[in-house]
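Chains: A, B and C, in written order; residue numbering restarts at 1 for each.
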Amino acid sequence: MTTQQKKLSMISFSGDFDKAIAVFTLASGAAAVGYEVNIFFTFWGYNAIKKAQGRATQGTGFLAKFFNFLMGGFKNLPLSRLNFGGISPHLMTYMMKKNNVATLKELIEASVQLGVNFYACEMSMVILGTKPEDYLHIKEQLGVAKFLKLAEGGQVLFI
Amino acid sequence: MTTQQKKLSMISFSGDFDKAIAVFTLASGAAAVGYEVNIFFTFWGYNAIKKAQGRATQGTGFLAKFFNFLMGGFKNLPLSRLNFGGISPHLMTYMMKKNNVATLKELIEASVQLGVNFYACEMSMVILGTKPEDYLHIKEQLGVAKFLKLAEGGQVLFI
Amino acid sequence: MTTQQKKLSMISFSGDFDKAIAVFTLASGAAAVGYEVNIFFTFWGYNAIKKAQGRATQGTGFLAKFFNFLMGGFKNLPLSRLNFGGISPHLMTYMMKKNNVATLKELIEASVQLGVNFYACEMSMVILGTKPEDYLHIKEQLGVAKFLKLAEGGQVLFI
């Protein structure tokens, strides 16, 4: 353990704004002190790193469109407890700016700059009908076995 | 670490359909590559492995019935973000079938076949007034101390 | 590992009553069998240990008041799935008492008695405009790096 790099791996499952803040605060904070950080995006977790605003999948069938309708983009992530007509992520971002705390966008950028690895869950890509190119900074698609292999010897969180 | 079997332990707390998919995808995926997998069911997590449809507890008092009313069975787990009148777990299952991804039922069966261990949280059984026999494949009832003992030396997730 | 004390660290993120029960059941259960237990409170997780009822922050500006309005106190934590007009935490507490299971208040007290360490997330304190003194038993404010340092070599859960 002494000579090995410390490691933090996270399964980013939730599409909630506040949980995305948690994921990228932990990611950038850990990377800043030298941790290897791996984020495995799955289900709603993709929301935070979508390229296209307001679309969950690039599929064109009815089901893909239905999911698109239900999922928002980076700018309209729901805030688990405070989502009054979409106003609250804006409120939270405002409070973060006002208090000189990094916003979600800044936390994601910092994570990328600090070398945090973004991985996509293979299965959820198949279900949602999306490709890694639809999201920002995806390094690779992984199944569960490869993710567990990556995470070995470090801390793992499900968020 | 080299000669020891790798281990993944999960606390399955949520009754959401999508989180149940996550639990059993991780469980079957890990077991398939040789991990010892332990799932500790507690609170709403029991939903996925209930024998009786539509009933949370086997108790007959008013409170037990109230919980029964509020909790659904395996077939009507809410999907955290997509639960429009119960249609969405069906939609998700449909999308999974369409894309040849294992459904929740199949993932649970695969987990059992692969030797995943199902444990019940003692305390929540007492609160809900249920018995291990009310659920599928429960090996044993455990308290926190025994669960932590089981989980030692491996990864632990709270889902 | 043999001579070292076992360790359980939790990030208490959610303000839900049932998840607070999970945090303090795990905390007191682990501490009772000799674990070092660290809880890192962040975002809504503070709800369970607030001194002032019904107030999230001590700030006096509009935004702080808005958050206060949205967050409840220890006695009115929402129960993720059962929150019908605030009745359900009471129902759950009643069922716990009826079955001789420790209530949330008792679990928190037991955790404190057993030496569980309560830490506050620095960043969320800045966002919410609160101070450690606004909460019960906070030992210290920490950033992500210090928390990860504390958690090293043990289990970590995000709840």
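Operating definition for what follows: a residue touches a chain if its C-beta (ideal position, glycine included) is under 8 Å from a C-beta of that chain, and two chains touch if they have at least 3 such contacts.
Bear in mind that the values here come from a model prediction, so they are computed numbers and not experimental data.
Undergrad: Same residues or different residues: which describes how subunit A and subunit B meet, taking over half shared numbers as same?
TA: different
Undergrad: Specify the angle of rotation obtained when superposing subunit A on subunit C by their C-alpha atoms, rounded to a multiple of 5 degrees.
TA: 120
Undergrad: Rounded to the nearest whole Å, what is the centre-to-centre distance of subunit A and subunit B, using the mean of the C-alpha atoms as each centre?
TA: 24
Undergrad: Among the residues of subunit C, pick out those that touch two or more other chains and give their numbers.
TA: 156-158 - these are the residues of subunit C that touch more than one other chain.
Undergrad: For the complex, give me every residue of subunit B touching subunit C.
TA: Result: residues 11, 13, 15, 42-44, 63, 66, 70-71, 123, 126-129, 143-145, 148, 151-153, 156-158 of subunit B touch subunit C.
Undergrad: Note which residues of subunit B are touching subunit A in the complex, please.
TA: Touch list, subunit B to subunit A: 1, 6, 8, 18-19, 22, 25-26, 29-30, 32-33, 35, 80-82, 91-92, 94-96, 98-101, 155-159.
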